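Structure, as structure tokens:
By letter and in written order, the chains are A, B, C and D; residue numbering begins at 1 in each of them.
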Amino acid sequence: MSVNIKEGWEPKILAFCCNWCTYTGADLAGLNRMKYPENVRVARVPCSSRVNPQFVIRAFQKGCDGVLVCGCHPGDCHYVTGNYFTRRRFMLMKKLLEYNGIDPNRFQARWISGSEAAKFRDTVTRVSEQIKELGPNVKFREGRWS
Amino acid sequence: MMKYSYFPGCSLDATAVTYKRSISFVAEKIGMELNEIPDWNCCGATCAHSRGKWLALALPARNLALAEREGLGLDIAVPCASCYSRMKHTVHAARKDEADRKKIEEIIEMPYLAKSDVLSFLEIFALPEVMKACKEKMERSLASLNVACYYGCLTARPREITGGISTENPMEMDDIIALTGAKPIEWDFKTECCGASHQVDAPEAALPLIERIFRNAKANGATAIVTACPLCNLNLDMREEEINKKSGTAFDIPVYQFTQLLAVCMGATANEAGLHKHFYPAYDRINDTLRRAGA
Amino acid sequence: MEKVLSKDENKALAPKIAEQSGVKLHECYQCGKCTAGCPMAHAMDIMPRQIVRYMQLGMLEEVLECKSIWLCAACGTCYDRCPHRVDLTALIEALRHEAKHHKICAVREVDIFTETFLGNIKVFGKSQEVILAGVYNTLSGNLLQNMNNVPHMLRHEMVKPEIHGVKDKEGVRRLMKAALEEDDK
Amino acid sequence: MARIGVFICHCGTNIAGVVDVDEVVKAAGKFPGVAYATEYKYLCSEPGQQTIKAAIEEHNLDRIVIGSCSPRMHEVTFRKMLMSTKINPYMLEVANIREQCSWVHTDKEKATEKAIDLTRMAVAKVCKSKPLFPDSIGVTKRALVIGGGIAGIQAALDIADAGYAVDIVEKEASIGGHMVMLDKTFPTLDCSACISTPKMVEAGAHPNVTLRAYCEVESVKGYVGNFEVDIRQKAKYVDHDTCTGCGACEVKCPIKVSSAFNQGMCDRTVMYKPFPQAVPSKPVIDALNCRKISGDGKCGVCAAVCPLKAVNFEDKGEIITEKYGAIIVATGYELIKWQDIYPEYGGGRFEDVITGIQFERLVNASGPTEGHIRRPSDGAEPKDIAIIKCVGSRDINKGKAYCSRACCMYSAKHAHQILEKIPDGSVHIFYMDVRTPGKGYEEFYDRTREDGANYIRGRVSKIFKEGNKLICKGEDTLLGKPVSVEADMVILETAMVPATDISKLTGILSIGSDTDGWVQEAHPKLRPVETQTAGIFLAGTCQGPKDIPDTVAQGSAAAVKVCSLFSKVQMETSPIISAVDREKCSGCEMCIPCCPYKAITVIEIDMHEHGKKVKMNVSDVNSGLCQGCGACAGACRSGAIDLKGYTNDQILMEVDALCL
């Protein structure tokens, strides 16, 4: 995928969404025909704690411009303690990305419940705008050899 | 520290002489410093915002900017509910939207950063520090006086702009009046409008607004009504006689400013508290109450 | 002849005025709580609720020509108690500006009072109550209004001969001119 | 090499209206491993599923990708379909190109490109899928119903009649909930006690029903079929086994407090039964107000007069732990605290401004006034009564946005009862709409107007007192005129809101609640009595405002869900659970603290290392306990423990596919 920052460049953002809360919220946003930018691709996971930090690094390595991890609000997790692990893991992840020279704002975590359709739309819209400002993720792409 | 910039408002130098005298007496007595804003202008009251949005924002802005230029960095004390409301609207608009603040600066040709807050006399006298100061200065009691505290509409509404007291059943003035030993009664027209300038430009339509205030106060056993605004006071005090004649009611409820009752209890003479300056005779009710309370 | 709603040409003007005053007309479901609480409703020709109804249907002239927008005392009760937070006070304020723009005013006295009051500020920078009352009475034609209170006012120095206006009268006048230009844009 | 079949659904125009389906099929055809790609108008329909089955045979496919609506809608449908083919139901991936693509985007080109990306991710993931086979575990054939109102009672009785054991946990001293407080019920006006007390007695006496009154749920562990629940039995200070409910102690108890059951309209003794027809019909001591227990200790009259020595002041209550297979939440509603949010209606200062339920107690024969309508301030019979509807409902400024559904009918009933009991009385009802959605409801509304109730369309703005009259200022919006009513008493029909401690319970059960705090149902239309969590169901007003007919219907509905769960000898468990690859596991035990169900343990196994037999500690997953959250797989550094259905490989392939 050639990387030329041409006008109208659209960021590619991967969002890991937990099946019980955020994925449901996203579906509800669809049910209510809410509109949001097209550049987020959702990958469904049973719980936000399923997201191994290696997946996030792999996404950036393969050229993703932004990664979003969404789950239930702390205390509401369907698996009781899942999102506590998510929270701890991804505070460290922000530091790791900074250490690697990736702008930590490319990676964000949000708590979105099954009934917060509007919050999902607003999160996707805001994150897309933020990533668009940051521009394409050239850091890893140049290093890629495939 | 009880130090404020002070915006008296046009009516204090005219019909609201009772308010002006009692404020200066009480302020001096409890050591409250009121620095009058130099060369202040009229806030525009209802007429400005009836005519235009920017006129309504600009007129109070000049006063706020003058206070800011003084550099004292004090909050602004405002005795009149209408001036208070208009200045609060300007501060709210300036703080909410940077573009509006800049446009106000352009219109008034002065810098205005909306740093200091605007406080009504009610909010100031309800502060614990001021309440304590007043309590210490109490010399006499108005024990048997049943007072209906009338807040008027602009001190309470709109909520998000005044941001202070309850819009239906506020208690600030009740607590202040309780300091004098008088009994603030429970009644239902605390924040119902008195008609303000409509008493002049639409008198027949507006007069019932005052009658129903008196009727509810009387029904709940009030022997005095207390206000915290020159215009509410004027409308109630000046028209009680007129209503008794027109509607055949027998309201006998004098109307005071809350600072007058504080002044009387702090030892002010009838003259210093302006008790002889009311349209509806107000001296006797205070005098009898003080005697009965053994002043 | 009935009102043809679909064909009204200045139908777009009503929503624009509402939007300027931050009011979403569709939010009002005509419950009547504003009229019920309005202190001046008894004297109004169309009820506060009906003002919103006319605006919802884009029927702007009826609202601009009504007495209600001038009898409103701007006390804010309607907005405070409205179950859908429709700011009727702001809407009526905007309608007054629009009516003034079209030189329509169904309650002449209110307009005379406003103009006299603002005239006072333009001249003195402050509102001189005695001049305000005098000029208003003459212009409005009810010469003896409140005259019975004048003796009392004189005796108790509520009304003083000397006029203490603002020193920087010129500054206040410039400010008012600039603000009104902005308003009349 | 995998032979994948890709099927893109039009869903009528829901998908095809925005996404160019043919483009997606063309692109999908070129993805690695795809042997056949096509599209169809309605894949979830019977003919749609037939086309897929035919294609599987014809092109000898071994895994399927479906681009359609959300997997949460039809993944189960397509898995059931695959059961009748040679393909394992878990060799399936669904790309969500409706709720998360066509419905939320307008730009056709970008939406199509996104649909292609989502399909490419699904195809990449399905390449790494492996056949999975569900396990099965035992089911405890005992149900727990939380809440003893009519919903809980109905559910418990239906479960008990189906032959299964069921416990009702009720936090008050008696079951009955709000319904038993009512006098009559609309639209047939049959007396509420006459139809609910028999049900209460039946529940009290049913061999399969265990009544746990004055209890609260402390904690819930486990999962569907195998819940372990700690129930706190609050201290009753009366041994209900020996006590016969003779009531001697109640009569003698010297201290009186406001009766919550009678909505504060009268007092009750501290040793009390909430109401005469209480079930269990044995008293408890309200410890907080008891002089003996929390006062100066100088009392004990009840113990003295009790012929059976059933009173025990040392009772500390206890924690009972029970195993259950299913839980039904039926905790009901409360009325909004209107006093705090409506100062313009007096904010509670006027004694004669009461709520609808307070009026029900006034007009109820076993209420504080034995059914005579007397106003609280002076006990006089009110002649002119005003009823104000939607107090707290349909009001985003001070109350709740929603409509509370039942008040239109129960206010008409109040009007009817007033006009029946006070012949020369008058009733004015301030309304905005009269919503009569049930059978016989509109006819009941007609009859109320026939009885002489005056309906005035408009909200009341203010209630104030003059003399002993309450003035209600309103507007008749049909006339366009301000009107007011001078009333002797005012009834506010206040909004229903969730019970105050519902958030504690939803936390314990880790089930969701919606933005207003009501328990979140799995799907508002298709799964109204289930929650997101398998094995936990709901019934009645805990899910949202509703009237008694709907509540009872939901009670029975939830019961049948429980019975269908209990009808299975073994319960199939989801095969999407974790498993450990012992070759890779270093025994670091990082995964163990991550598991909320304590499904991972360390075991010792024999391994061969460089030819020598060696003992090694590795993790092991108990397939019964694991619920498939994947927290362990997220923590494992060596990728030894992995979640079937969402393996590391599958997700990494998804990520790679996105970034091509």
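Just so we're on the same page, a contact is a pair of C-beta atoms (placed from the backbone, for glycine too) under 8 Å apart; a residue touches a chain by one contact, two chains touch by 3 or more.
All of these numbers come straight from a predicted model, not from anything done at the bench.
Participant: Determine which of the two chain pairs, B-C or B-D, is joined by the larger number of C-beta pairs in contact.
Facilitator: B-C
Participant: How many Å are there between the centre of chain B and the centre of chain C, using C-alpha atoms for each centre?
Facilitator: One centre to the other, that is 23 Å.
Participant: Would you kindly tell me how far, in whole Å, the mean C-alpha position of chain D lies from that of chain C?
Facilitator: 51
Participant: Spell out, as numbers or ranges, the residues of chain C touching 2 or more other chains.
Facilitator: 42, 77
Participant: If you look at chain B, which of its residues touch at least two other chains?
Facilitator: Only 167 qualify.
Participant: Can you list every residue of chain D that touches 2 or more other chains, as numbers and ranges?
Facilitator: Only 344, 462 qualify.
Participant: Which chains touch, pair by pair?
Facilitator: Result of the pairwise touch check is A-D, B-C, B-D, C-D.
Participant: Could you please specify the touching residues of chain A with respect to chain D in the complex?
Facilitator: 1, 10, 12, 14, 19-21, 23-24, 26-27, 29-31, 33-36, 38-39, 41-47, 49-52, 54-55, 58-59, 62-64, 72, 75-82, 85, 89, 113-116, 121
Participant: Hey, which residues of chain D end up touching chain A in the complex?
Facilitator: Spelled out, the residues of chain D in touch with chain A are 70-72, 96, 98-100, 103-107, 110-111, 113-114, 117-118, 121, 507, 510, 512, 514-515, 520, 532-533, 576, 594, 596-597, 627-631, 633-636, 643, 646, 648, 651-652, 654-656, 658-660.
Participant: Which residues of chain D touch chain C in the complex?
Facilitator: Within the complex, chain D contacts chain C at residues 344, 390, 394-399, 432, 457-462, 473-477, 480-482.
Participant: Give every residue of chain D touching chain B within the complex, in rising order.
Facilitator: Listed in rising order, the residues of chain D that touch chain B are 343-344, 346-347, 349, 462, 464-467.
Participant: Inside the complex, what are the residues of chain C that reach chain D?
Facilitator: 29-38, 41-42, 46-47, 49-50, 77, 81-85
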